[in-house]
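Below is one structure, written out as structure tokens; comments come after it.
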Amino acid sequence: MEESSLLWYEEPFTEGLRFLYRVKRIIYRGRSKFQNIDILDLEAFGKTLFLDGKIQSAEIDEYIYHEALVHPAMLLHPEPKKVLILGGGEGATLREILKHPVEEVYMVDIDGELVEACRKYMPEWPNGAFEDKRTRLIIDDARNFVFETDKKFDVVISDLTEPLEEGPSKLLFTEEFYRKVKEILSPQGLIAVQSGSADPLYGFFFDSVFKTLKEVFSEVKQYLTFVFSFQMLWGFTLASKDLEINFENKEIFYNRIKSRGIQLEYIDPEILPSLFVLPRYLDKLRDKGVIIKDEKPFIWEA
Amino acid sequence: MEESSLLWYEEPFTEGLRFLYRVKRIIYRGRSKFQNIDILDLEAFGKTLFLDGKIQSAEIDEYIYHEALVHPAMLLHPEPKKVLILGGGEGATLREILKHPVEEVYMVDIDGELVEACRKYMPEWPNGAFEDKRTRLIIDDARNFVFETDKKFDVVISDLTEPLEEGPSKLLFTEEFYRKVKEILSPQGLIAVQSGSADPLYGFFFDSVFKTLKEVFSEVKQYLTFVFSFQMLWGFTLASKDLEINFENKEIFYNRIKSRGIQLEYIDPEILPSLFVLPRYLDKLRDKGVIIKDEKPFIWEA
Amino acid sequence: MEESSLLWYEEPFTEGLRFLYRVKRIIYRGRSKFQNIDILDLEAFGKTLFLDGKIQSAEIDEYIYHEALVHPAMLLHPEPKKVLILGGGEGATLREILKHPVEEVYMVDIDGELVEACRKYMPEWPNGAFEDKRTRLIIDDARNFVFETDKKFDVVISDLTEPLEEGPSKLLFTEEFYRKVKEILSPQGLIAVQSGSADPLYGFFFDSVFKTLKEVFSEVKQYLTFVFSFQMLWGFTLASKDLEINFENKEIFYNRIKSRGIQLEYIDPEILPSLFVLPRYLDKLRDKGVIIKDEKPFIWEA
Amino acid sequence: MEESSLLWYEEPFTEGLRFLYRVKRIIYRGRSKFQNIDILDLEAFGKTLFLDGKIQSAEIDEYIYHEALVHPAMLLHPEPKKVLILGGGEGATLREILKHPVEEVYMVDIDGELVEACRKYMPEWPNGAFEDKRTRLIIDDARNFVFETDKKFDVVISDLTEPLEEGPSKLLFTEEFYRKVKEILSPQGLIAVQSGSADPLYGFFFDSVFKTLKEVFSEVKQYLTFVFSFQMLWGFTLASKDLEINFENKEIFYNRIKSRGIQLEYIDPEILPSLFVLPRYLDKLRDKGVIIKDEKPFIWEA
């Protein structure tokens, strides 16, 4: 009699490493118009979403990733009312934003089948966020939305998959796209971008996002968070039109968290400044990153 | 975008070998009262059944296993009318038997949930056999049935899983059990027993089945078939009350196949005698097998 | 403390199967001018040779492969005096041939580094055969030798790796090459060819060797042997200029084995005819094989 | 022809994850009196040492681990002259310490065979440190040394393997041992302890080391570093007799680094304080750790 499941899921990584997750149960497997969707119950991490074979978020620590993506930007802004999510299919980014007293959150994800699968099979992620009356869910290419909207946003959160050759995110990390994002930001507006692995070996994307945002915004800062289920440091980038990106004055952030009535498990005013202290070895990336352009987008190679 | 599935199924084998099958699709996974049932669509072998992690039969070559198990016994008997299957959950053994002009086939399998899962998810295996009016399906411990029935059978086919400590087949390979089987055989009756791997390293069970049947029947012969999806030679044992086990006279078997109107893909009168020629290296097993008794049953260790 | 080695060797097979051998000890790893050579001590099979990642022979059962390759041809010939081996790097084919009272055995292998590594690290394979005074070892392309020699041979044994694109065996399975082999055979001469997997899924090569030899020789027969460490049925092909290929009269072969004083562990007159009974499912290959030509050689794809 | 090596090394981890490293070359494998030693050249990480199957340090980022272990303690002490290393077999901890103007460094490692293998096969790690005239290498159980020495040390660095049942480190993390360490510290002395994974799932050891040191020292602080080749956050613990553990005043540490003439790649006064900011989710460990005693040592289960 078997003691543990004999099913394994293998994440394609690099030639030199092979990583297998033991699968307790298959929850959903399908292919949407845009990508392969696997929702699995893993022995090590619980319920976990993979898109095109790459881990997106896991029950055990999705709060770390999503809090790290959302709250630095939201807390830095003195009064975020209008927020836009680029991507964000699982609904957890939406959930975190709605902890703040916002007026409206637009979430624009190209993959309606993914959003439906997440709502149905991963309801713990949105935790009711899709039913919140402040939520505006739009199934569309986020690029279309950004180029066509006449709305203004205080905070934009880019929660997109890495730009794969055949994937839907290829033109959502380019200088041209960020210029357009800047136009739809309110005067104190800022954007937070999930920026992929911060491993010095694979972190060219992280540096490229920084360099590209630097072409458009004068104030750009990188920060890092360790995510267990990713087994690596994860990079994020904040870019601001006008606000200084600085978390040294903890008092401000204690007050904002208190006055907004926010409950968090990972982000707090103590840890915030430490996330922005990058190790010097990442300097080695500085000459590897490129400015990403529409005509020559960055393509992530599996 | 992934080119092939990232799911793998690992069959527990020996410490020194690890074998992984790429899984295209999960068809069914469950645990019955008796065993873990996995029905998977494998890239290499198509639809495949695993019980307690051990491969049972695969779409690509289940006909080889099932023809080899059923037809030597059925063709040797001049006129098999009443047949009994011990186990046989998938229904393919039943399917093969029904190719002969039998009157009644009793199939006694302890695991009703397994039989139902196979009927529902592997209908190509029985291919309608469960609906044949000659079929008598009984969900019960085959040992109970054999000890209690007052019927007589011309052929008994033992299509059981290997005897695992916690599995349902432990007392269905013992000398005491075979004595009882002999009692319910008609005068020309015989029994065919699937007898596990014929690998000299792991073939102690094959030899033990032979030695045990030899205690009960005077005419006992072993034969071998290679099954691709098992990746090894598979052993079978024939034991007869009275009939000589001899396939040298091909004419007899050509005639029986023709007169019974049987269509086969693997077994034919040419190959039959060759299956009974065992390589000499299996002699090394001769002092490893034991006579299997109720009080000390053979336990297969994974 | 680890109980067993944490090193594994993975044999590239098909996309759908992954096979890992636990490695007790690395004996030798190197790259000759022609191929990658790995000699490993495997927990399951003992000392084992891999060329370009493909298993060649293993301590546990190399005798099965080598006896099956050598003795059908050698026993069929009434008095083999001059023998030629194409390839045969390990030296075990040579060892088996020398059991017969031959006068001279030429072994022509292109890869002198391989032969040296085998002599040094796998001395159990040749077991002194390279020191036998009847042995003529030539390091050369077997094609050169066959096209240039003015000697005649009673038996030729083709013990070559499968023809890989970059490997050394590509032009040693072609019709043109076999025509030349036929010219250097004595009147009763014959050739035995190791012909790869006999799996119906991967057996196109086996059928192609048969079809190609059929273009050159009138008497061609295929036979099969199961090799544990290969985990599949293995195909061989015999082709003869004049001798009938028939093992039905066991008396002849009992006598030859006795009069030549040969000790074998696997091949004997009982099993010989059974090896030539091919299962009908291999007929499915009949329209897949091709006649292999110099200008369009068969290339085995990993 | 194979494109990349077919050898893999599997690190035993948890039931739910399986991690395989592709091995370019075996540099050394052996078993000392105390542990299994594997020195491998990995495709992903370069030269890498495993003890009893657990990764110890890798060419690609050993500087991160060793700088994080050594320099916080060494920089905090105003004038470290006498230093003791418990364990430290690879010699890289020694190398880092010798960057400071110390007078003597005692390194006490129980496993002389390991030290020799590292010196011979991993000379980049010590980089000449064993030949430094300030080095005193002693092959002995560090417990013996600590209980018997009459010397005093300014800094003790505990660079030991996790305490395995059969391993040599079992009694080197106990309260009784730390009491003895405290006795051999000079008045301003402190100890730095590598404390294993800081993963909330496996981090009970990290918390236990903290709780145990807290029984002995009044000033104890934990800190974290991400190590790529470990693929997780790694925990360290600092305990001090008298000195306050505080890195907020960066000026002090800029000055010490400059005046001591130290070149570092990872540790600097900017990152130092951020390492001591622990994420709140580690609070979940607080009730899992135990005070480790001689009579009930902590045993790490693979």
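Each chain carries a letter (A, B, C and D) given by its place in the written order, and its residues are counted from 1.
We adopt the following convention: contacts are C-beta pairs under 8 Å (C-beta built on N, C-alpha and C of every residue); 3 or more make two chains touch, one makes a residue touch a chain.
Please read all numbers here as calculations on a predicted model, not as lab measurements.
The fewest steps needed to get from chain A to chain C, moving only between touching chains, is 2. Looking at A-B and A-D, the interface holding more C-beta pairs in contact is that of A-D.
For the pair chain A and chain B, the distance between C-alpha centroids works out to 54 Å. Look at where the CA atoms of chain A average out and do the same for chain D: the two points lie 34 Å apart.
In chain A, 8, 20 are the positions where the chain touches two or more neighbouring chains simultaneously. All chain pairs that touch, listed by label, are A-B, A-D, B-C, C-D.
For chain C in complex with chain D, the touching residues are 1-2, 6-12, 20, 23, 25-26, 29, 35-36, 38, 50, 52-53, 164-167. Taken together, the chain D residues at the contact with chain A in this complex read 4, 8, 14-22, 42-45, 60, 64, 199-201, 226, 228, 231-233, 265-266, 268, 270-271, 273-274, 277, 279-281.
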